[in-house]
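Notes follow once the structure below has been shown.
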Amino acid sequence: MASKKSKAHLPTLSALQVEEAVRAALLEDLGLAGDVTSDATIPAKAKAVAQMNSREDGIIAGLALAKSAFQQFDPKTKFKTFVRDGDRVKPGQKIAQVEGRARSVLGGERVALNYLCHLSGIATYTNQFAERIAHTKAVVCCTRKTIPGLRAFEKYAVKCGGGSNHRYGLDDAILIKDNHIAVAGGVREAIEAARAFAGHLIKIEVEVDTLEQLKEALKAGPDVVMLDNMGPDQLREGVAIVDGAIPIEASGNVNIDTIQAIAESGVDMISTSKITMSAPTLDIGLDINIS
Amino acid sequence: MASKKSKAHLPTLSALQVEEAVRAALLEDLGLAGDVTSDATIPAKAKAVAQMNSREDGIIAGLALAKSAFQQFDPKTKFKTFVRDGDRVKPGQKIAQVEGRARSVLGGERVALNYLCHLSGIATYTNQFAERIAHTKAVVCCTRKTIPGLRAFEKYAVKCGGGSNHRYGLDDAILIKDNHIAVAGGVREAIEAARAFAGHLIKIEVEVDTLEQLKEALKAGPDVVMLDNMGPDQLREGVAIVDGAIPIEASGNVNIDTIQAIAESGVDMISTSKITMSAPTLDIGLDINIS
Amino acid sequence: MASKKSKAHLPTLSALQVEEAVRAALLEDLGLAGDVTSDATIPAKAKAVAQMNSREDGIIAGLALAKSAFQQFDPKTKFKTFVRDGDRVKPGQKIAQVEGRARSVLGGERVALNYLCHLSGIATYTNQFAERIAHTKAVVCCTRKTIPGLRAFEKYAVKCGGGSNHRYGLDDAILIKDNHIAVAGGVREAIEAARAFAGHLIKIEVEVDTLEQLKEALKAGPDVVMLDNMGPDQLREGVAIVDGAIPIEASGNVNIDTIQAIAESGVDMISTSKITMSAPTLDIGLDINIS
Amino acid sequence: MASKKSKAHLPTLSALQVEEAVRAALLEDLGLAGDVTSDATIPAKAKAVAQMNSREDGIIAGLALAKSAFQQFDPKTKFKTFVRDGDRVKPGQKIAQVEGRARSVLGGERVALNYLCHLSGIATYTNQFAERIAHTKAVVCCTRKTIPGLRAFEKYAVKCGGGSNHRYGLDDAILIKDNHIAVAGGVREAIEAARAFAGHLIKIEVEVDTLEQLKEALKAGPDVVMLDNMGPDQLREGVAIVDGAIPIEASGNVNIDTIQAIAESGVDMISTSKITMSAPTLDIGLDINIS
Amino acid sequence: MASKKSKAHLPTLSALQVEEAVRAALLEDLGLAGDVTSDATIPAKAKAVAQMNSREDGIIAGLALAKSAFQQFDPKTKFKTFVRDGDRVKPGQKIAQVEGRARSVLGGERVALNYLCHLSGIATYTNQFAERIAHTKAVVCCTRKTIPGLRAFEKYAVKCGGGSNHRYGLDDAILIKDNHIAVAGGVREAIEAARAFAGHLIKIEVEVDTLEQLKEALKAGPDVVMLDNMGPDQLREGVAIVDGAIPIEASGNVNIDTIQAIAESGVDMISTSKITMSAPTLDIGLDINIS
Amino acid sequence: MASKKSKAHLPTLSALQVEEAVRAALLEDLGLAGDVTSDATIPAKAKAVAQMNSREDGIIAGLALAKSAFQQFDPKTKFKTFVRDGDRVKPGQKIAQVEGRARSVLGGERVALNYLCHLSGIATYTNQFAERIAHTKAVVCCTRKTIPGLRAFEKYAVKCGGGSNHRYGLDDAILIKDNHIAVAGGVREAIEAARAFAGHLIKIEVEVDTLEQLKEALKAGPDVVMLDNMGPDQLREGVAIVDGAIPIEASGNVNIDTIQAIAESGVDMISTSKITMSAPTLDIGLDINIS
């Protein structure tokens, strides 16, 4: 299970997704009139060399988006990196160098940094959660609580920070919650309905609120179980009941202060929206020299 | 200037922008296969009534996006609000009621809440900044540091929280920074180049780092001046130098702890990326009853 | 396992997906100039009532797309159905009635029928496969071999015909094939790499070509195993080896003549591209009366 | 008229259309998470060389789409062809070679093959129809019955197979059918209305069901006449009546068994949806070596 | 041929095309921040009634686009017309009435008028050309010289003004010009190549510069001939040579002063880019009362 | 103020905007079938060299769009310019040279010229206005009356012709007109509402119809004032009243004959829709040699 926790290698961000997202972001920033300040004050031929430096301790995520911002603005802009996604940086550490027409460096700067600072913020915050539980077998994982439009990138950033991913959407796994159970007529009935309905490559997770429900759920053979809103003691009991049969996810009341006790209960995954929806940005700056 | 600080009325979110953004967010969440869990466990005819309740103190922003999520998923879903954007809510306070097919309520839930929690988080955090400076004439305002794709909505959320807006993009105002000044050959030269270039409806703001630069800048007649990275004492001197001729914006090292002293220096606007890029989400839940 | 094979209930086609696809199809058919024939010969006020009738035995799939074609062309067009997706129809049986402006009925006709005939063709062909194996526990399922742009709809049509679905894309399940195994250094190594990499809600299927590979694979604990290109005897041996531990998928050389023997080997799923890529269209016509 | 039947040269597929279609297809296959299997098991630096081989006799169509799939996934992937669209291939014949990063070859494979197999299937099936009538002057042509979203490509594939194209949409030619005639008050009235309405570069075809209607239609001077649902004898009479004045299209009950007799009646074109809507896929495989 | 010249009835603008174009135009005008002036000064509940009045003599075209602008901005806005596309209006004549929220009337105004004034300008200018040749059998027609993105609408406006349409694009008819002839090896060769290549529903027009070329072209049997850059005398000779065999289009040096002499030569169509690319806007205003 | 009138340097057209617009224009022209004429008559390997020549006196605008048309159609096409946007050309003067596959030169020609002729027409017409007022301090400027979809490009063309730009949309400046004043309860009230509402980087312009209104408006301190529909004498009085305090814009009844007298009144800007909505196209041709 240790291999599960090592940052191993990261998934690939699709170049097509990166290009589409960054293009939209550039058009959002440019409006109809473009960068009027640089057009007014910077000659078309002026060149710039810029250093992208971290101003805080953190974990980097999203370099491909930053690169794409500069290069879609102007394909002649060069972007060279000194770290890779998932790497830890210190204050003052050089992350990347951008070189090209001054107007192009200034024109792509904000979109590049908005992506990089936001995603690195998620990676960094995720990593803080991950470090609190490094001595346990548990991994922290994100949820579907992500900023609309950025899900693929935010889930990638979570992996950069040493976390793991939950479902990507409503479509790729079954997660049976209290409402589904209530309508289906019971945990067992819900799981059976799910199994009869879903293809053979869809996992079924069931959320339970009590240990009684957990026992009932286990009889129906879900692939994963989520223990929702249980304290450490109750979680420990739950872990004992499951006894290694299937992976256990804990959720509810997870934050940077509570995660250690939750992890020490012996669960496998701890999911929280905090790492995607409440991560402070990582402060990264671009220091530009124009000639 | 007090009228400036009262929350007055809010801008209108364009229905076209809301529809486009929410549609993309729904498609992101649905993938190709849609909500397999509800399809498996909830009968097509089951009905649901759900209450959207706040679980924290905060300021609401983004109800139109939440409504659109439910109604684009299924136009027959009813969405009734009990508060308006910009309203303060308490833990447990009912924000909205959703009524319709159970699958539709569950299918739109996550996108609705992702928007509402994120934007209300921004409004709430902005408001905390605003309250610290309520006794001064200063207003807190956002920057172009926003999550890509959400700028219009995040700037709206800032206004819901009692803040003000800076430029929306590179295109709608001129902001002359150190690099522009360096290339143009001086503050005065940069401002003159900007004035010669821009149309008569574009404002020109110039960023200065020292009081000397401020004095030079004032001679060229910018519309707004930004005092960057100055401490309260230096800001106070700057305010005295400007002497009411034009509005003054302070920026740099702004956070919830420093903003009061900055505001008390007498500046007009205080800009910070914190309120958009580092606002924790507001915890809002949807309590669903299915029949 | 019988419940698995009953057509139970169908998944929901997302209204947003239907709308987007049909809109593009209408624009493809209209070009810039629109329906010049009807514009030339049919008065704007002429009304039409049209019956959509099957001209063959078959299974219907895609009524929502047909409806959307008429209603996006002209929201005032009424579309009333007499059967539901998944229903069996006979030659001459009335499927739906369309009523509205004659130009609107004619304008939406082709797109409506192109979707309905294609998807019903898939449902019908899938059903022919399914009937050959109705006496076994096996289900026929589709693959990622689908017409580009129609995957969600074609997979839905397969379910309408009594088949089951495999992965929807590269993203929602892991399918380890010979190349992955070769690079990873063995079946076991590949499965372990997959488990270490993937989130806890991603199933892992491994494709094996020999019974030796199957035995090795089972040791690494995949969620599903695919026996590729094996004859009925070898499949039977494979079924014995797996002994109910995990579901077994058979693939390779599957067609309407071979599927029965494959199914009788005791496998759980039989996957084939035939049902999506080689299904003949179902002949459905629209008989129009204009007044 | 022989020149009409030689495959002459093929039309050009617009690179813009190819790029847009393939991009959408790749995003459909990648979902949000991308190719999780290859990400998990194939190192980023692994290289692959792959042969695209036919496994059946057939006619190739769509190489540009296959190439675009690999190159949009990763612009560094090399794609070299050994045959051209319209060429006949035998089982085992090498069609193309793909070379690049292993992840890129695997990532583009399915979209490339889905297009190529589908379009080559159409070309191959069209060619089977064409061969049945090679000794006559007739050509087989497609209709507007095409898979939504693929019309331009499917019509191109028909030409690759030696067929000809009918209208591309509702907009580029007038096709007067029974309903138009009924509303217009007669064949002659409909043709005159069409002529008065349409620009001088729009052809007018009229569909007739009887020889009486044919005679009436000819008086109004259409550009083309379609004899619908007539048997060979009636067609022969129709051909005699038209006597070379305008081209004659036969339609209705056209299939691989009936087309010869229809063609021998002396008509010029024989249109059928079979070649686009019911063409079995051509089996083409990609044999990959990863190093 | 008189029927050809009466304005008969107009083609239908596809609602889908109108919606897409107008949506993009509204987003262009709204930017990210929307109508800041009305948001600032007009209460959300204020109502408006507005009259759309012509300020010049002209022909109206594009009412559907104007209506869509108001109704996409706000579906509750009512739009009532007093004239129809193709109608002649006088200065001061009421064209339409808009009623709804004041902000919605003001928000949709500019896009509505930009479309309506531009397209009515084209209709009006076309009509001036048409009136000069009303006593002849000739019709004025547009070309592919249209403002990018507006071709369908501009061609429609030409019909509203009493003109006719040429090709809609490169795809719907063959127009053989000097370059094609030069490469093909002669007029006859070019026409034969076109006939061998094109489907049976594509018309072939050939452009000739001299009467010798005309004679050669006629032998190859084109569907239409274009006499390019010939004076009235030469045109008259050309008309005599063709002798009614096929329609004749004149082009080159066509303007409001030359068109009469060209038409009196006996040609059938006279094509000019003037009516689309150089038509002055029609002055239409919106008089608003807010309560 | 002279620097304001020199053509100084031009703004940058965003490559992303150019690419998106031109791509849509090419697809509009190509339809589904592409350039059937060239496909039929020009061999795939034929090469062409073409000269883009002006046929009139004028000012060039839009070369980037023309280049993009050829290069998006076929990236191998070379496009070399001999003048720059904003340059004056004479009849016969060579503007650019295009070199590449003959089909590619012919395929991109129309879109390239449609943009270039339209935008150069605007630049040329703007320049004629500008020359009439060259001896005054006034500049001619455009409005929001632009062809939908082309605003960014048309405003750019106005600058190429020596004009200036007004607002780009409803969002980037406040323009208070009679309706806003009426609802707000007076000029002063409207300006105050605007100031309280808008961010500090938004300029406020107010339109006044009388000198009384002007005086009242000045008390509220707008950034710019527009004198609407005033004759030269009244404008002169207005100029005296304002006395240099803020810039003055004149509008209403502006045309090529009236603009001189308006300018001589001493106003700063003169706005008119004529230069964007009624500019005749500039006649530019492409002379092609194919080998």
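By written order: A, B, C, D, E and F. Residues from 1 in each chain.
The rule we apply is simple: contacts are C-beta pairs under 8 Å (C-beta built on N, C-alpha and C of every residue); 3 or more make two chains touch, one makes a residue touch a chain.
Source: prediction; values computed, not measured.
Student: On the document's contact criterion, could you list the chains that touch subunit C and likewise touch subunit F?
Tutor: Correct list: A, B, D, E.
Student: I'd like the angle of the rotation relating subunit B and subunit F after CA superposition, in degrees, nearest 5.
Tutor: 180
Student: What is the chain whose Cα centroid lies farthest from the Cα centroid of subunit C?
Tutor: Of all the other chains, the one whose centre lies farthest from subunit C is F.
Student: For the pairs B-C and E-F, output the one whose chains share more C-beta pairs in contact.
Tutor: Spelling it out, more C-beta pairs touch across E-F than across the other pair.
Student: Could you please state the distance in Å, as a whole number, between where the Cα atoms of subunit A are centred and where those of subunit D are centred?
Tutor: Taking the average C-alpha coordinate of subunit A and of subunit D, the gap between them is 44 Å.
Student: Averaging only over C-alpha atoms, locate the centres of subunit A and subunit B and give their separation in whole Å.
Tutor: 23
Student: Based only on mean CA positions, could you tell me how far subunit D sits from subunit E in angstrom?
Tutor: Subunit D and subunit E have C-alpha centres separated by 33 Å.
Student: With chain centres taken as the means of their Cα atoms, state the distance from subunit A to subunit E in Å.
Tutor: Roughly 52 Å separates the two chain centres.
Student: Which residues does subunit E have that touch at least 2 chains other than itself?
Tutor: Counting only residues that touch two or more other chains, subunit E contributes 9, 11, 28, 30-36, 39, 43, 151, 165, 168-169, 171-173, 175, 196-197, 202.
Student: What residues of subunit C sit close enough to touch subunit F in their complex?
Tutor: 28, 31-32
Student: Can you list the subunit D residues touching subunit A in their complex?
Tutor: So the residues of subunit D in touch with subunit A come to 23, 26-27, 30-36, 39, 43-44, 72-74, 103.
Student: Sort out for me which residues of subunit A touch subunit D in the complex.
Tutor: 9, 11-17, 20, 151-152, 155, 165, 168-169, 172
Student: Tell me, which parts of subunit F touch subunit E in their complex?
Tutor: Residue positions touching the partner: 21-22, 24-25, 28-43, 46, 48, 102, 106-107, 110-111, 113-115, 117-118, 121, 144-151, 168-177, 179-184, 190, 193-194, 196-198, 202, 273, 277-278, 280-281, 288, 290.
Student: Give every residue of subunit B touching subunit F within the complex, in rising order.
Tutor: 3-4, 8-9, 11, 141, 164-168, 171-173, 175, 192, 195-197, 199-203, 205, 223-224, 247, 249, 268-269
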